[in-house]
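So, here come the structures, one by one.
Both complexes shown next keep chain A, but they swap its partner, so chain B is in the first and chain C is in the second.
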Partner chain A sequence: MEQIAQKDIVISIDNVSYDYRSNSDEFVARGVKGVSLSIERGDFCVLLGRNGSGKSTLAKLLNGFIVPDSGTVLVNGIDTKNDDRIYDIRSKVGMVFQNPDNQMVASIIEDDLAFGPENLGVPREEIEERITWALETVNMSEHRKRSPNKLSGGQKQRIAIASVLSMLPEILILDESTAMLDPKGRAEVMETAMRLNKDKGMTVILITHYMDEAVGADKVFVLSEGELIGQGTPREIFRDRELIKRAYLELPIASSISLELIEKGYDIPFALTDEELVEGICKLK
Partner chain B sequence: MRDVSFGQYYPSNSVVHRLDARAKLLLTIAFIVMVFLVDNLLAYIPVVVFILLVTLVSRVPVLKVLKSIKAIIFIVVLMSIINLFANAEGEVYWSWWRLSITSGGVLTAINLALRLIFLVMGSSLLTYTTTPMELTDGMESLMYPLKLIKVPTHDIAIIMSIALRFIPILMEEVDKIMMAQKARGACFDRGGVFKRAKALLPVLIPLFVSAFRRADELALALDARCYNATPNRTKYKQAKLGWGDLVATLITGVFITLVVAINNNFWGLY
Partner chain C sequence: MQIKVENLKYTYSPKTPFEKVALDDITFTINDGDTIGIIGSTGSGKSTLCQHFNALIRISKGKIYVGEWELHAKKLDLGALRQAVGMLFQYPEYQLFADTVKDDVAFGPINFGKSKEDADILAKYALELVGINYDEVAEKSPFELSGGQKRRVAIAGIIASRPEVLVLDEPTAGLDPQGKREILDLVTELKKSYVKTVIMISHNMDEIAEYCNRVIVLNDSKLLYDTTPRELFANKELLSQTGLQAPHTVRVKELLKDRGIDLQGTPLTQAELISLLGGVL
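Take a look at the complex of A and B:
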């Protein structure tokens, strides 16, 4: 029997444009323009772009918060314009935002985790199981009965992730969820997202303007002024100096040093991380 | 740092914590009504004993309950002073111009101070032993008759729960903003009333801006978690009235009867 390797596309965006308009329908700002992309199940994708490049707009389009002016957004094959199934989409696309404090509705962690499944009408016993599972997944089980107020930023953000996980999403979008955190908190959240992707096969879309968070991604998308100006593996994107300049991004130190060295004629491989750079330099004769 | 412990849940697994929020709410209301009906100092003795007992049983540190008074001490003192002079009955202790302190005034002032203090202690015991979610769920449940006339009781409950969650966050923010303004030379504790009020303006404006920004993100987060997805919302924590609630009601009932009896000199003790 021959099996055709069928790629499983969870999100497909086709030629989508969206403008922000005032109540009187006047043009306010461009959100995104002519964006087409597709995301495969189980991928770890990173959406890169500087402030105002349209990253959050794209995220809101994926969740049906806003619908495109033109073009289509399909999530699991469901059009986000389909009002009847909007909650199917929202429960499948979990969204975590920038400020963890502003996403929690309850003063006790387990109550906050219960909020999503309660809204979806999940039976009691199952909510209980989901809370246990979600807290275990983000390594926060011992905080179950506590208040989120005294946690560190990274811990709060992990709770915010768990609160979304309790809806059993297939796709997790983190919209600059590391931007407000200290380096330790950032590392915690990144590690959690990576683990969800590797161990649970969750599709993750990480939105950021830090290029170093894109190093481990399967695929990177680059937005600028609302347009998708590049996509590819981190290695392809990081090497494209022209693209990075156009997007006003900042290359991680290791990559930029290795690029300089290569251009100066040294025989080292292009490096994404500090370790790769050190290894490359050590091999130089 | 401002003390934000007032109204904050104190986690424990005591008998009081495990009581149904609805029972606790109604009993607290009964307690408060009673405190306001009492006007005999002798009757406050069982009130103190009752509060102490509940505190001990609930395993909330006595100090925490006492600390809750700190938040209202200013109002208590102010109200007492006003009442001290407002009531001019009885024996005159001291007088100057039109002001005089009389035995009636002293009694009213003490009465009022004690009432306010007991009110705050009682209600903070409620919030120390009941999570905001239980509390708001309890209120929602007690508001059931309103739901029948199409009042959105569930939305009201969610609003209350969110408000309770954001009070400490916004308090902290006020501190931060004040600190930032102080660093730039602002002064909040000098000058007349108007000058002070004016000094608060640069605190209020950033506070509002930030509150609206938070509200914006919170609205998105509510939507992202499928708020209003189905009318058949389930409840993770289902409150059930149990034997404990009956016992608590009986004990409180006996206690209230006792206080009222002493207050009205039922046994001719004095």
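Take a look at the complex of A and C:
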């Protein structure tokens, strides 16, 4: 007998709009308009969209960094407009940003990890345990007593993730956290995020311009001009050429090549990854 | 303008406990007309090397000739050199500062001694060259523009001084796919103007494969390879040594080879790969 499991919704956004305003009439940076979406616990989600499409605005709405002008954002059922609960929300939604060099507050890595929980009054022994666990999780235990300034970009971002983990979040948001890294650093951060998702069941929301980083996601959301214009599995999203064009995205190279071969009359399936493409080509032979 | 680097060595914080060799005995030549990629992992010395080309870092050991200039000479006309060798840093949009786009772009030429009128003409030309609609954007604040536009304005600010050599430190980092494509196409366009030589640092091997005719690989402060993208990406062992990843097109070729399908050649672009595939399918 088939059972329909009750979906465990960890983030629910209902008809949310947000506008940036400044004193100048001319200057109105774009925000988000009428966005509704929900994220299931344990999902690996990717937000795609061109520069200025509203991705980072949406991320900031998720941890109550900003609150919507209209509509509601619920995190674990708590409204981000509820001032009394804002620290509950922020400790549940951890954010890592783009620049590895400006997210460290301390000169020794373990102090950096202790900063968040200390602020919340977590007992010293428990902080110690959390630091040990968080550093193990990102494979940086041996750096515990060192200074962060000698680390590579990828290592710094892993420490930034560990600092967020020390708050025991349920949701990890990576806002273009791989953008400034070299390929090795990018791979390290992606591997860490994937592992947290698969092994620890953490909900991950990744914002990126690298289409390759979206192909392994459970769900992809596409923003354009502040509006949500598409959501689905990576395969559904990248097959929709109209959507990709409208959002000014591009296809993963394997997808683009498979489509060109299909157009040339070859009978191969649409591919998301290099491996899938090669599989399809081999079947032709 | 030829650039010759001879036995260049650079050490950060020399004679202190923090001493670190950033460049170790680097020798190579950049020819007039090259679009040369400088690649290597973070900390391999790419930016340090490039900051030598317009004497932002003065040479402590070794020699660099940029056309007629000897950068290792004691006396150097820095103004003229920096006009000839334009340098675009990472995330250049953070360096925009003036009230209007026009003034921001004209700042360079004025600094190099042009009159306000001449600088405005140069600024207009540079903005049009980077694909910015002058009449629409000139009087706007640079901070009103989109990310891709800001970066193009920043590039205009460099090329308004009419450099012959353009040094770009990760010019597409942080841009969306369309923004990346625009900047790279712009670099190709610029090479049809007074910009003769482009030196580009990048972590994106797909970009290097498609746009550069030569590539310099730095590894741990040393020059590991001075070659063409095709040679470099054809050599699997060489790549893995440096921790670099092959472009997707080359990866597909390698994966096919493992499955017994041998494409003759190293495809650097999608079109090349498709055409090689046509030969075996």
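Points worth noting:
The rule we apply is simple: the second predicted complex is superposed on the first by the 275 of 285 C-alpha atoms of A that agree within 3 Å, B and C clash if a C-alpha of one lies under 4 Å from a C-alpha of the other, contacts with A are read in each partner's own complex, and residues count from 1 in each chain.
Methods note: a residue touches a chain if its C-beta (ideal position, glycine included) is under 8 Å from a C-beta of that chain, and two chains touch if they have at least 3 such contacts.
This one's a predicted model, so the numbers in the text were calculated from it and none came from an experiment.
Once the two complexes are overlaid on the shared chain, A:His209 sits against chain C while remaining clear of chain B.
When both complexes are overlaid on chain A, the residue A:Pro183 reaches chain C alone and has no touch with chain B.
Contacts of A:Glu275 after superposition: chain C is touched, whereas chain B is not reached.
Of the two partner chains, neither chain B nor chain C is touched by A:Gly265. Judged by the touch definition given at the top, the superposed model places A:Gly77 against neither chain B nor chain C. Of the two partner chains placed by superposition, chain B and chain C are both touched by A:Gln98. When the shared chain is aligned, chain B comes close enough to touch A:Val122, but chain C does not.
Annotation: chain A residues 98 touch chain B in one complex and chain C in the other. Only residues 41-43, 141, 143-144, 146-148, 173-181, 203, 205-206, 243-245, 248-249, 251-252, 255-256, 259, 261, 270, 273-274, 277-278, 280-281 of chain C touch chain A when the two sit together in their complex. Contact residues on chain A toward chain C in their complex (touch as defined above): 26-27, 49-52, 98, 152-154, 176, 179-185, 209, 211, 248-250, 253-254, 256-257, 260-261, 264, 266, 274-275, 277-278, 281-282, 284-285. By the touch criterion stated above, chain B contacts chain A in their complex at residues 8-9, 11, 131-133, 158, 161-162, 164-165, 168-169, 214, 217-218, 220-230, 232-238.
Contact residues of chain A toward chain B in the complex are 60, 63, 65, 87, 90-91, 94-95, 97-99, 101-108, 110-111, 114-124, 127-128, 131, 145-147, 149, 163-164, 167.
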